[in-house]
Each structure stands twice: as structure tokens, then as C-alpha cells.
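Below is one structure. I have some questions about it.
For clarity, chains are labelled A, B, C and D in written order, and residue numbers in each chain start from 1.
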Amino acid sequence: MFELPTGAEIQSIVAALKSGAGYFIPEIYLSVLFMALILVDLAVKGRKSVLLGWLTLAGLGVSMFFIHQQHAMPGGELFFGMYVLDEFAIFFKYFAVASGMLAVVVTMADRRFEIEVKGIGEYYALLVAMVIGMVMMAASEDLLMIFLSMELVGLSAYVLSGYFKRDPRSSEAALKYLIYGAVSSGLMIYGFSLIYGMTGETNILRISAELSAHGYDPLVMMLSSLLVLAGFGYKIGAVPFHFWSPDVYEGSPTPVTAYLSVASKAAGFALLIRFFYIAIPHGGSPYEDIAGMNWLLMLSVLSVASMIYGNVVAIWQKNVKRLLAYSSIAHAGYLLLGLLVMDQIGTQAILFYLLSYLLMNYGAFYVVVLIANRTGSENLDDYRGLGRKMPLAGAALTVFLISLVGLPPTVGFIGKLFIFSALLSKGSLFVGLALVGILTSVISLYYYMLIPLNMFLRESEEPGDRSLNPGMLANVLMSILMVLTIWFGLFFEPLSQFARYSSAMFGLTLY
Amino acid sequence: MHSLIQLSIAVLLLPLLSFVFLIFFNRRLPRMGDFVGVGMLGLTFGISAYIFWTVIVQHYDPAFRLAWDFTWLDFGNVPGVGPLQIKMGIVVDNLTAIMLAMVTLISFLVHLYSTGYMKGDKYYGRFFAYLGIFTFSMLGIVLSDNLFSIYIFWELVGLSSYLLIGFFFEKDSAADAQKKAFLANRVGDIGMWLGILILYSQFHTFSYREIFEHLAAGEFGLSNAWLTAAGILLFMGCVGKSAQFPLHVWLPDAMEGPTPVSALIHAATMVAAGVYFVARIFVLLTPDALHVIAFIGAFTAFMAATIAITQQDIKRVLAYSTVSQLGYMVLGLGVGAYSAALFHLVTHAFFKACLFLGSGAIIHAMHHEQDMRWMGGLRKNMPWTFVTFVIATLALAGLPLTSGFMSKDAILAGSLGFAETEGSWYFYLVPVLGFFSAMLTAFYMGRQIWLVFFGESRTHLKPADPHAHHGAHGHDGHEEEHHGVHEVAWNMRLPLVVLATLSVFIVYSPDPLDGGKGWFMKMIPTPATVVGAVHAVEPEAAAAAMGPLVAEASPLEGHDAEAALHAETPMHPEAAHAEASGEHGESHAFADPRQAEIAHLSHAAHNRAIQISSIMVVLGIGLALIVYVFRFIDPDGTAEAIRPLYLLSFNKWYWDEIYQATFIKGSMLIAAIFSWFDRNIIDGMVNGVATLTRKFAFFNGSFDKYAVDGMVNFTAFFVNTSGGVLRKLQTGKVQTYVVMALLAVFGYFVYYFAQLVS
Amino acid sequence: MEQLAEIGLNHYLSISAILFSLGLFAVMTRRNAIVILMGVELILNAANINFLAFSKWNGGMEGVMFSLFVIVLAAAEAAVALAIIINIYKIFSSVDVSSVDAMKE
Amino acid sequence: MLSLIVFLPVIAGLVILAVPSSQKQIIRIVSLLAAVAQMVLAVMIWRAYDPSMAGITAAAGGSPEGSFQFIERLPWITLDLGSMGSMNIEYFLGVDGLSITMVILTALVSTIGVLSSWTIQKQVKGYFLLYNLLATAMMGCFVALDFFLFYVFWELMLLPMYFLIGMWGGPNREYAAIKFFLYTLFGSVFMLLVMIALYFSVLDPLTGNHTFSLVAMADQANYVKDSILGPDNTMWRYVAFIVLFVGFAIKVPMFPFHTWLPDAHVEAPTPISVILAGVLLKLGTYGMMRINFPLFPEVFQASLYVIGVLGAINIIYGAFCALAQKDLKKMVAYSSISHMGYVLLGLAAANSEGMTGALYQMFNHGTITAMLFLLVGVIYDRAHTRQIEKFGGLASYMPVYAGVVMIAWFASLGLPGLSGFISEAFVFVGAFSAEVTRPIAMVSVLGIVFGAAYLLWSLQRMFLGKRREDAAYDLEIGEDGHEHIHFHDWKGKLDLDGRELAMLVPLAVIVIFLGIYPMPIMGLMTTSINKLVQVLSPVAMATLN
């Protein structure tokens, strides 16, 4: 019943591929890197974890250069609107690669890898695969591409979270992540199918065009959007789609946790923003009911619930990784606040917040890893008196946590500042949400400060002031991250300019 | 700046210099530097004597007034007020001159006396330093020309009195007494301060004259009740300082201080400062305020007199008599006998100082025995003391030929005139109480003289007391204690003599029966009120009628005195008149009818007053003789017979107990309650929360720690519990997670479906 | 009954809806990890049926493409999943997901 | 100039960072040098300051020059926010009559604080690092004229304070530290929201952009009509005022937000108590005068009575609580609650006398309370206890100490001739002259009596009388026949030693001098205070609308 394409059509397809390939270099390069890592892993004998680590680092570093090339290129759709190249996408490409590199750094610092696993090759390869997935998530403009990239990220993430095969917690994390992820992507794809059914399109630009042109059945629209939201909500880990995250974050290897909590959350937001801004047709005012449902209320509920739940439950945590997991739920809530505003400054605020989150969260996890290397524990009570033994680590961790709370003069404060500015720039409309955000951040101070409290104010049981120096390289890295956190807290102009520049999306004029 | 001003500034600062010098260097100096104190005070007295001479004797003018001031604070151009400056200044008039002379003289004598009395004390030098700062602040009160600075010095005398009462601070009784004195005075000062504030809030100035001018011009913005309130509140300062009821309780306890201090501060000068202050503000006191003052004075005079009857401690008797006499002065001011009251202030200062120094000499000689029951027969051992003491006593009792007689009778006459003016019966209570207290005064002083100087020595009757210095010869006989007691040395005798001399009538007035003929009453005429009927008359008429107080060419900046004098003299017909035709002159001066009538009637009542009071005094002394000399009546028996009255008097009308029970206990209770409230209610959310939440058994045990650690109030509790509940959702079973998510989606779906169908 | 006389879009959609529900049911109720994965497969296939049906009725190729990719990814997912489940079995010697709850509050 | 005085301590901190932590003496000396240099700079600024310039709002034409002095104004952050114009954050320092006094105070107190930190032995390096950070933050708060900058400094104070209390504090320090942190953060986060809202409501008349400049915000003419905090948006203006007020009131601390103070003081080491009471509390009232009131004058006018009543409560309540304390330091802590009440009362008067009194009281309370805490520290070092009933008769054995205590105590109870009196006096003068606060003033004078009561009582119990049976020291007869005492395990000089005198004598001199002749400090503030009163007066608002 389907007739085969004619030669002319095939020609045009090939031409499109050729032309598109030029704008697709970073992805191609990263795929090459991915395969190269596997080959190297097979080829080289003996202990090669360090070598592979540096190789990955370098490889990702180089990809930065290719991404940088794309600034010059004219933005637009590729491959029949499957894929798009715009500042927004470029931002997230940078973001994914940068966080990938940081993940590699953290991995190389983590002793547990030497203890737990024999072959480290696949690990780095999968890391890179995840980077590719995220790069594509941010740039995909077609339901199909969205689905594929999400699955790519998801599959590699399942494996990575279970990478410590002999550690039951790690395996448990993998299982939970797998099942939860599979179900939610199932829901999402079902939602996609319904949208496709309504519009007959899979490109989100054309979907919104269709929807606004021919209208839609609100019931179906609502159902499908809800299912899609479930899928995205699981990626960004917002209440009530967050349940997997505490367990997975706790169980997974720390670098993976950091990577998931930052990069995959960011990629999820990239998708959410793009889909939400573009696919759903907006009326004249962004705040009236869209597609038969009160998106504003729904997202507000999501974000308020996330902020409150994440912060409140974090108070109870004794395991630092789990504590940070809950805090990351709360941060998803803050980010959603920026999304609510649905205008350019809101997007800018989100992007800036993500950048700050990248710095401080990785910093925190890095220190956690260093401490775990020495004390072999991520338990709050084992942090007692560490401030005396590892002063630099203590100071750095304190700075990162203060930044997570959002106190000046740290980059975290500026992130919050932008979010709240975005809210208040709409007059008194969002004051209530801003209040919730403020109050929850006061709560967050309490549990974040529990860590310095243990490190500095309390003495450890075992005597002896043996100083645990995490090593030169680690110290330098920590210091760099710490200094950056403060520096960008004082002179955030470049970051925010970049965020603003990157808030431009193809096929969308923001209010 | 006029030379007299310069001199009075010198007078003010010299004692301060002595204080500063001695407080730092007394240990490095020979004799701990007492000569510095004595010398400085001698010099001070010399200068004030000169001022006295120039002011009183040379220009013999009731209206004499010099003023000088400087800008102390500058508030710039205040919105709604305009340029606002707070000035500090000095005023020298007759009153000031007299007070200067009196204060410095007594202070000098006390310094001299102390060289003998305090010899060998651990903090001998410090004592003179304290005397120095006291004299400084007292002179400040006398000289200052505005309410603010007088308040400052007011508190400073409070401080020095605090320091001196507690000079033997290792005695707990002394420490208690000094605290009591300071706090009682503080209570009075609050009132005074509020009064000052009322005036300031209307006129934005503290200076007496400016305030009087504004008042005379009828610019007082608030109701008349406020003005009365202002008067009464200002008077509260006097109540505190001059130990009037109800704040009199501190003065008797203040006798814990060294006796010279009692003489200087708690008899002659500081306690009189209250009266002096009321005199300064006399013109703004409304009739109602004056009534209050009169009654308080009368009551105080009477109550203190009754208490003095039964006291055993020689100094306490004098203390209560001081309270009583101050009551007289206040009464005098209340009834409008302005000059008389101030006259009594001066005379009382001298003879009461004499009495205290005398008793000090006795105590010194008796090796710090203060209880009159164990004294007696001292006239043989201490003739000088005896004679001076008796003279002063007569003056206090108010027998003719003494200074006390003139001043007291002037007051009583005034009270009579007052009662007649006001008319209704209860105003007669004032003179009645006054005369009755006169009798009591005579009685208890007679008793004291007898117990101390006459009869046989009763030292041996004293129960053995190991702590007392002379415990060694507690029980041995007559001769033994006779060479225990000797007349005191010259440096303690001389002050007695001088003060006794100053208690004789001739110093003040040629006519022993009428102080009105004396220079004093002429130099201190009663000023006309600015509030009485002032609203009736024209402002400038009132201003003219105000006599010396507003009569200056350029009131604000300091200026040349001569000019002032020229400017003044023509403006005071009544002053000139007064000089010419003696006492009668005053009455014409007053624009205010009430004041005029009082002046008139009290002059008329003069002779009656003399007769009645003489009778009273004779009665009093006679009674004393009957009881203690001829023994017709047995004192103890009588005491038994009227036990309740006796106890009431002996226990000082139980005021201390009452205050203890009400105010002190009360505030302590409030304090306890508040701090409990602070700990448990306001802050207690924390601990309360902790206990509350222990009930939630399923929380992990560390909850207390967390809660009590960081959580500050109920939200903390809420946050924590909600956290504790919410986390229960995290079951660890992945399927529940999935179900949750699906439920959420389903929930949304139902919600919006409902919206759609409706 | 008339509109059911010939096979129409609604039939396909009903089928897929039923499959979807069954899949969800399996995911929610089954204890065995493998069965849960089969439930997920059901969900995915429900989606596939939708895509195909819609692409037939809308007359476009995207649906077909989509379903092809979904099938492929389902296979990949199954592979990964089995690997993980085997590892779980090694450690917990059971594939009962409800017994794998070491990490919780 | 101002930048230097602000960042000197941080520079010192960097130097300290380089010093090995074993070299305690060097570290101390470096910090001392920094503090002294700060002091010198403060004096230079003081000398060069022109009291005739008003400050508070911009001069005519909207430019701060000609109104503020020592202005340093650099663009710090300039962002293009598209639809909302560009976000300008400036590095904007300057002083006027309000700040100059506080600058002097801060320099003075932090110098004293360094001296008194000499006894700190544990982790000296970390201590002085945090101390210097704190000093910078405090000074910065007082000279910042950009709300954003102010906020940064304001929050920057919390962390060092947290650690200084938490690491070098007493037994219950964890509780006190986190309590302090949460309380003050709770207050300040709302300030953040108000700050942003203000930013969107105010336009800089010169550039036409939105601005954080406090100078522009202080002029009601610069508010955008229908913005969230615009002149007609009464509801939100009230909310913002209240929020700000609570934020500052927590720092003051004002009843009922005061409970962190006693804990913090009791647990904190002496120098930190000195800083806390001497400077930090002032930040609350300074913030009110600089930000809270001028930005919302009409709300201020509407809430005079409430503020006054709260001040009165502070005065009396604090005095009573102090009366009930057994721990000397706690008593002093409550006394400073009581004394800050005077400041609130003076502000509520809203006239020149009252406001001058309030600001002057801030300065005097800074010096006096510093003395009080230092003296408490002195006795605590010796006796290792602060329980009042553990002492008695000290005046005989430690005369110099007793003398200084006398000065401090009497200054604190407002004895004329000492600086405390003048400020309290003018607070009352102002409060009484204003119709609204008159009844409040009449009640609050009770505070004078009870202030005297608790101070004299403690004085008597500790210094007068004789040694108690259970005293914290032993009595012995020296070779010279006099009685002496010695404290258990105290090696140093019994009476005040050189270092302690070096801290206390200057303060005492200042207290006495300013009590006799206040103009050197008061003269600095009058113009600005008058300007402030004029800005706040209903008249000014009437002319605006």
C-alpha cells in the first residue's frame, strides 16, 4: 500500500543528509569518541583506567571546540525538522559535555572504582554515550528524536547506575531506575502516539501549528499532555515523579549520581522547555488556560510540591548523598519556578540556575567523594571533626553548601536572585510562589548546615589530629571550583549574558 | 563675661579639680592629700564669700541677676521647630550667692572636720575626693540656669551621695542603704524628668527664663491640668531628694555613711537642693500644685517628728528631724511663703550641720557608740560640744533669739495666711500640723539633750558586744569610761563653734522676733507667679509683674552685667518700694490676686504665729523636762500604755515594710515572671516542641537533637513532622513509586475531566 | 453494532487502550521483574498499534517509522534489563522486585 | 578610601592565609595592624567629613554627589534583561551623617575586639580569618549605598558569626549558633524579595533604568506609578515595610524576636559578644533608618505608635528580664535588649531630638556594651564562672577593676556626665515631644528605674560587702597584713593587666568625654537627621502627591 520513493526523492534525502551533516559534527565526533573508547579498552592491556580517564577528558574537551564552531553557523532545522540547531541547543551541548568532563574528573578521584570494578572501559564509553544522548535531547525537535535521545540517555544511565555489580545497593538502584524509567517512557510514548493521532505530525513546530489551526479534542489533548509530562517529570525528578531519585542517587556510584542529578535533570529541562514553549500553542497571554488545561496551576503545584517535599524530607537524611538527592528534588522545584514565568527572563534564569547548579553540585559531590575515599563513609555522623583534619575540603564543602542554600556571595545566590526576579518582574502575580521558594530555602539552610556543623562544631570520636590530605591535584581542583563558585557569585555578568544569549530558541519568539 | 561669672565658674570647678586630683593620686601624697581637699575648699569658700559680699552687700538689690550661657548642643535647623540649640549656662542672683556661700562654707568646715573624724581610715584620701565631687555637683545645682543642667547635677549629687553613703561598703547595711538612696532618688527623678519633658515639649527649651517667658505669654499649648502635672512632677524630684513622704525612707538609712557626710549632704546641702529647686520653679506652680506641695510638706513634717520621738540612735533622731524640717520648708513653699522657706533652708542648714557634727564628735569620743541609751552625762567631758549642741538645738526647736525661730515662724505665719486665703476647713490642717510638729520638735530635741548630756553615764549598762571597739571596757565602772571620753581636737571643734555662731538671730535680722526685717527676706522677695491669674492679664503686664526673673534686656546670650542692672532697676517699682517701706512693700507687687492676698494675710498673721508657736515650743520642752528630768511621767510606762502608737512611731510607721512588701517584692515577682515567660513561652517553642514530638514514636530517635538543635519555633516543629510523615512515602518498593506517579497523573486527569464536563 | 460492522480506527484504538491497561496492570501488580518488563512491552506495543493505526488513517509514514524505532528500542531495553535482572538475581537470588527494597526511608 | 577601610581586614585575612598556623603571634599582630589601620582611616574620614552635607536622599537633580561624601561608584553588573531594560548593580559606597558615626564605631569596636581576642588559643588562624571577614562585612554594610551590595555584606556577616560562635563558643554553642543563623536568615531572606520588588519599582532619575541604588529609592518621586511597590500600591507597600521591619527587628533584636540574643551572647567568646552587641545590633536600627523608613515613609508614619510600643516593651521587658538573671553575661545581654529599646522609641518619635537620640544611643550603646562585655570577660577569665552570687566584696581586692566597672555600670544606667545619659535623655525628649509617642514615653521612663535597679543590685552583690562563703576565689592574708584573694588556676595579674586596660581605658575616656561634650559625634549627624526627619514627615509626602 505504501509506494516506494522515487530516485529524485532519494536524491533529495541524500542531499539533505549531506547538508545536515555539517551541522551535526559534535554529535558525530562524540559517537566516534564513544567507539574509540571501546576499541582502546579492548586494545590496551593492563591497568588503563587512568589512561582512559584522561582520554575521555581530552576527547570531551575537543568536542567543546566543535560545539564552539557551531556559534558561527546559521541556526535552523536539519534532517527534515528532526533536529534543530539554535543557541538554546548549543548551551545544553556545552552543558552536557562540561558536566560529562566533571563526571570523569570525579570518577578519577573516586577510589571505589579501583576496588569495585575490573574493567573501566565501558564505563567511560557509556558516559560518553550519555553525553551524546543529552546533546541530542536538547536539540531534537521531533517526537521521534526526543524519544530516541531519551532512551539513549536512559539505557546508558541504567547500566551506569548499576556499575558496581557486586554492590547490592548499586544493583538495586539500577533495577529501580530501569523499571521506573521504562514505565515512564512507556507512558510518554503512548502520549506521543495520541498527539500524533490528533495532528498527524511528529515535528513539534508543525504540531503546534496543526493544533492552533484545526483545534483539538481537549480531553485527548489533556490526557496526552499528562502522559508526556509524566515522562519529562521523571527526567527532571520533580514531585510526584521523583520517587526513583533518592534511592537511585544513593545507590549509584557517586560520579553517576552527580551526573544524573545535574546533567540529566538539565537535559530534562531542556526538553520540557522546548516542548512546553513550542508544541503547546499559547494564546495571547501565556497565563490563560492552554489546551483546555490550567498549565500554570499544574506546574505551580509541581514546583511547590517539589520545593517543600525535597527540603522538608532532606532534614531527616543521615546519608550525605541521599541528602543531596532530596535537595536536588527541591532544586527542580526552583527551576520550575523559572519555567512558570514563560518568558525570556524566566528561561534565562533557568539557564543561569543550571550553570550555578553545575558548579556547586559537582563541587559538593566531589568533596563527598574525597571524604568517602578517606573515611570510607558517606554518613553524616562520620563527618564529625573532619574540619580539623581536612580544612580545605571542609571550607570548600561549606562554600558549595552555602551556594546551594543561596546565600551571597556565591553563584547559587545569583541563581535564586534571577529566579525570584523573574517571578517578581510579573508584579504581584507570583509573590506567593516566591514566598514559598524563600521559606523553603530557609529550611534548606538547616539541613545543609548540618554538614559543616558536624565537620567543624563537633569533635570526632577517634582522637589524633592526623591530617587527611586528599592530594595536590584534588586540592587544586577543589580550590578552583570553590573560587569559581564565589567569583561568579560576585561577577556573574558573563554567565548571565551567556544565559541570556542562549535563551533564544528556533521557531519561537518569547514574550 | 562678667568677673562674677568667671569667679563662680572657678567656684564650680575647683572642687571638681580636687576630686580628679585626689581620686588618682591620693595614695601617692602625704596624708593621702587631705590638705589638697581642704585647701581647695578653703579657696572655694573664699571666692564665694567674695561673691556673696559683692552681690548681697555691695549692690543691695533684690532684682540683682547675672546670666551667662553657651551653646552646648546644636541640632541645626530642625524641621517644624527651626534652629534648635541646647544651651548650658550660669545664673548668679541673690539666692545663688547666698547658697554658694552656705554650701562652700559648710563643705569647707566638713572637710576640716573630717581631717579629724576620718583619720586613719583605709580610704581616707578617697573620702576627700568624694566630698570634692559632691561639692562640685551641689554647686552645679545652685548655679545652673536651665532644667537640663540642673537635672544633670541633680543625678550627680545622687551619685556622690551614693558613693558616700556606701563609703564603708564592706558593711552590707551600708551597701543596702546606698542602693536604696539611689533608687529612691531615681524614682523622684523620673517625675522630675517627666515634668521637664512636659515643659520642653511645649517650648523646645530648657532655660528657666525662656520657659517662664513663654508661660507668662500664655503660650502653653496643653491644658492647664498638664501644667499642674508638670509642677507636681517637677516637685517629685524634690520629694526624692529632700526625702519628703512618700520617698523619705532613704534618708534615715543614709546615716550609714560617715557622720561628716550626714552633716554635709543629708542635713545641710543636698537634701535642701530639692527645696532650692522648687523655689527655682516656684513661679510656674499652679495653685493646685501648690496645694499638693503644702499638704505633702505638712504631713512629712508631722510624721517625721512623731518618728523622731522614739528613736534611740542619736543620728537617726537627727535624720528624722531633718526630714521634718525639710517638710517645713516644702510646706512653706506650698503655702507661698517663698522667702520664709528659703530662709529656713539656710538657717536649718547651719544649725543642723552643727548638730550632726556635734553628734559626730560625740560618736567619735564614745568610740563609735551611737545609741543614746548608753550615753549620758557628757556635758562634763565635752563642754564645747555641749554648748554648741545646745545652741543649735534651741535654734532647731525654734526658741526666740535663734535663727530657727525667725524662719520657722515666718513659715507658720505664711501657712496661717494661706489657710485663711483658701478658706475651707481642711486647709487649716496645714498650719495645725505645722504647729503641732513644732511642739514635737521641741520635745524630742529636749529628750535628746537630756539623754546625751545630762544625768549619769550609762555606758556600763550596755550589754557586752564583742564587735564594738570599746567592748574591752564594756562593764567597768565610772572612772574607767571617763578617761575613755574626751573633748575632740580643735579641727573638729572649730566647725562646731562657727556653725553655732551662725545659728544666732543677729546674723540675719536686727529684730529677734521678725525675720522680715532682716536682709535675707529683703534680698529674696517672693517672685510673682506666671501661671496663677496670668491668663487674665496681658502678657507683657505679666512679664513685667514677674519681677527679677524675666527682667533682662537680651535674655539669650551672655552679656555685661552693668547693662543688665541698668535695664532692670527701673522695671521693679516693687523692689525699690520694698527697700523703702520694708515688708509691706511686697504685697502690692503681685498681679495675681491670690498670691497678693496670701502675702497680705500672712503678714497679718505674723504675730499670732509667734504666739502660738512659742506656746507650742514651751509645751514641748516642758513635756520633755517633765518626762526626762523630773520624771513625773515614766517614759517606758507611757510607751507601754500607748503601745500601738509607740510601735507605730518606733517602727517608722512601717513604711519600709510596706515598700518591701509591695514595690520591691512586686517588681522581683514581675521580673521572675517575665524571665520565665522569656525562657518558656517565647523561646520555649523549642523545648515544648521537643517534648511534644517525643510522642511521635516512629520518628528516629535523633529527632530531639535535631529539633532542639536548629528549630526555632513552631514552624520548625511543623516542618519536621511533615518531613517525618512525607518520607514515609519512600517505601523503597519501586512498584509503589510507579503507582504514585500513575495516581498523580490519574488525579490530574480526574481533576481536569471534572472541570471539562462542568 | 453498525459502526462495528467493518474494522475502523476505533477498534485499533480500543485494542491498544486495552493493551495499555493490561501493561499498567502487570507493572503495578506483578512481583516478578521479568513479568513487569513484559508489562512495559505491552505498553510500548499499545503505543505501536496507535502509531500504525493513526498513520494508516492519517496517511503518513511517520507513524510507521516511529513504531519501527520503538520496536528496536524495546529490544535494546529488554537486553539491558535482562542483564540487570540477572545481576540482581546473582545478588538477591530472587527477581522479586518487592524484596529489593534495601534503600528506603 | 572607603573601599580601603572596608577591605583592609580581608587583605589582612589573605596575609594570614599565607602565615603558617603555628605562628599565632604573627597572625594576631597582622589582624591588629589591620584593625588599627582601619581605625586610622576612620579617623581620617571623620576629620575630612563635612557635617553640612545632608545625605539620605540625592541632592537636587538626583545625583548623590553634593549629598553624600567619599562616594565611590563603579558599575558592577550591567545586564540587558530585554523587556525589563537593563539590570544595573553598582559598587556604590558613600557616607552621610547616619553612616559616619557607625563607621567610627565599627572601626573602634573591631580594634578592641582584636585586642580582646588575644586570649583565643584554639585554631587562631581560622579564628582571625573569620574575624576579619566579619569586620569587612560589618563595615561594608554601613557604607554600602546599593541595596544589592548592602544585602551581600549583610548576608556575608552570618557565616563568620555562625562559626565564631559555634567553634569558639561555650558548652551550648551549637544550639546558639544555628539559632542565630536561622533567625537572622529568616529575617533577611524576605529582605531579598523586597529588594527585588523595589528594583522593579524604582527608576534612577539620571539613567532612567531600574536601579538598586538606595539613594534613588529614598526619593518617592522615583517610584514607577503602577509598579508592585509603586506609590498607589498601598497593600504591597505595607507588606514590604513590615517584612523589612521584621528583618531588621530580628537583628536589633526586638521583642518578640530577641530570644536568639541571650543564647548567642552567653555562648559566644568575649570578643564576639563585644562585636555582636557593639556593632551587629546597630545594623538592625541602622537598616531601619537607612532603608526601611525612608523607602516607605507613609507606612512609617502610620506605624509610629506600634514601633514606639514595641520599643517600650523592649525597654521594660528587657530590664525586668535582666533583673531576674543570675548569670552576669545574660544580664548584660538583656540590658542591651533594653537599651536598644530606647533606640526604637527614639525612632518612633520621628522628630530630630528623638532620632538624634536614637542614633547617638546606637553609638553610645556600642561603646558602653563593649565595655560591659569586656568586663564580664575579665572576671570570667579569672573565675571561670559568671554566676553573680559566686562573687562579693571584689571592690576591696580589685580596686581598679571595680572602678572601671563603676564607670561602665553607671554609664549603662544612664548617669549624667556619661554618654549613655545624653542619648537616652534625648530619646525621651523626642518621644515626649511627639504627640503619638507621648504616653509611651511616660511609661518607658520606668525603664530608667529598673535599669538602675538591676545594675546596682548586681554591683552590690559582686563588688560590695564581703567575700561570700561559696565565692569563686580564696581569701588569704598577704605579708603586708592586708587581705588578698586569688582565683583557682589563674596565673595572671589579679587586677586588670595592661592589655585589658588598653581595651577599657580608651572606651572609658570616650564614654566620659562624649557624656560631657557630645558634639564631636552628634555634630556629625544633625544635618542628616534633620534631612531624614524632613523626608519622613507627612509634609514631605503631601508635597509629593
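Assume a residue touches a chain if its C-beta (ideal position, glycine included) is under 8 Å from a C-beta of that chain, and two chains touch if they have at least 3 such contacts.
Everything numeric in this text was worked out from a predicted model, so none of it was measured.
Trainee: If you tally the C-beta contacts, which comes out ahead, B-C or A-C?
Mentor: By the number of C-beta pairs in contact, the winner is A-C.
Trainee: In terms of Cα-based centroids, which chain occupies the most central position?
Mentor: Central chain is D.
Trainee: How many Å are there between the centre of chain B and the centre of chain C, using C-alpha atoms for each centre?
Mentor: 99
Trainee: Taking the mean of the C-alpha atoms as each chain's centre, how many Å separate chain A from chain C?
Mentor: Roughly 27 Å, centre to centre.
Trainee: Counting only Cα atoms for the centres, state how far chain C is from chain D in Å.
Mentor: Their C-alpha centroids are separated by 67 Å.
Trainee: Would you mind pulling out the distance in Å between where the CA atoms of chain A average out and where those of chain D do?
Mentor: Their C-alpha centroids are separated by 44 Å.
Trainee: What are the residue numbers in chain C that touch two or more other chains?
Mentor: Chain C, residues with two or more chain partners: 27, 36, 97, 100-105.
Trainee: Mind pulling the chain B residues that touch 2 or more other chains?
Mentor: Residues 709-711, 727, 730, 732, 734-735, 738, 742 of chain B each touch two or more of the other chains.
Trainee: By the touch rule stated above, which residues of chain D touch at least two different other chains?
Mentor: Residues 174, 178, 182, 186.
Trainee: Which chains touch, pair by pair?
Mentor: A-B, A-C, A-D, B-C, B-D
Trainee: Give every residue of chain B touching chain A within the complex, in rising order.
Mentor: Touch residues, chain B against chain A: 700, 706, 709-711, 719-720, 722-724, 726-727, 729-730, 732, 734-738, 740-745, 748-749, 752-753, 755-756.
Trainee: Using the touch rule from the top, collect the residues of chain A that touch chain B in their complex.
Mentor: Per the touch definition, chain A meets chain B at residues 175-176, 179-180, 183-184, 187, 218-219, 222-223, 226-227, 229-230, 233-234, 240-241, 243-244, 246-247, 292-294, 298, 308-309, 312-316, 443, 446, 449-450, 453.
Trainee: Residues of chain A touching chain D in their complex?
Mentor: 343-345, 348, 388, 391, 398, 402, 407-409, 413, 416-417, 420-421, 424-425, 427-428, 431, 434-435, 438-439, 441-442, 445-446, 449, 452-453, 456-458, 490-493, 496-497, 500, 511
Trainee: Within their complex, state which residues of chain D touch chain A.
Mentor: 76-84, 87, 123, 126, 151-152, 155-156, 158-159, 162-163, 166-167, 173-174, 177-178, 181-182, 185-186, 189-190, 192-193, 196-197, 199-200, 227-228, 233, 236
Trainee: For the complex, give me every residue of chain B touching chain D.
Mentor: Listed in rising order, the residues are 72-81, 84, 148, 151-156, 159, 166, 169-172, 174-176, 179, 182-183, 186-187, 189-190, 193-194, 197-198, 200-201, 204, 667-668, 670-672, 674-675, 678, 682-683, 708-712.
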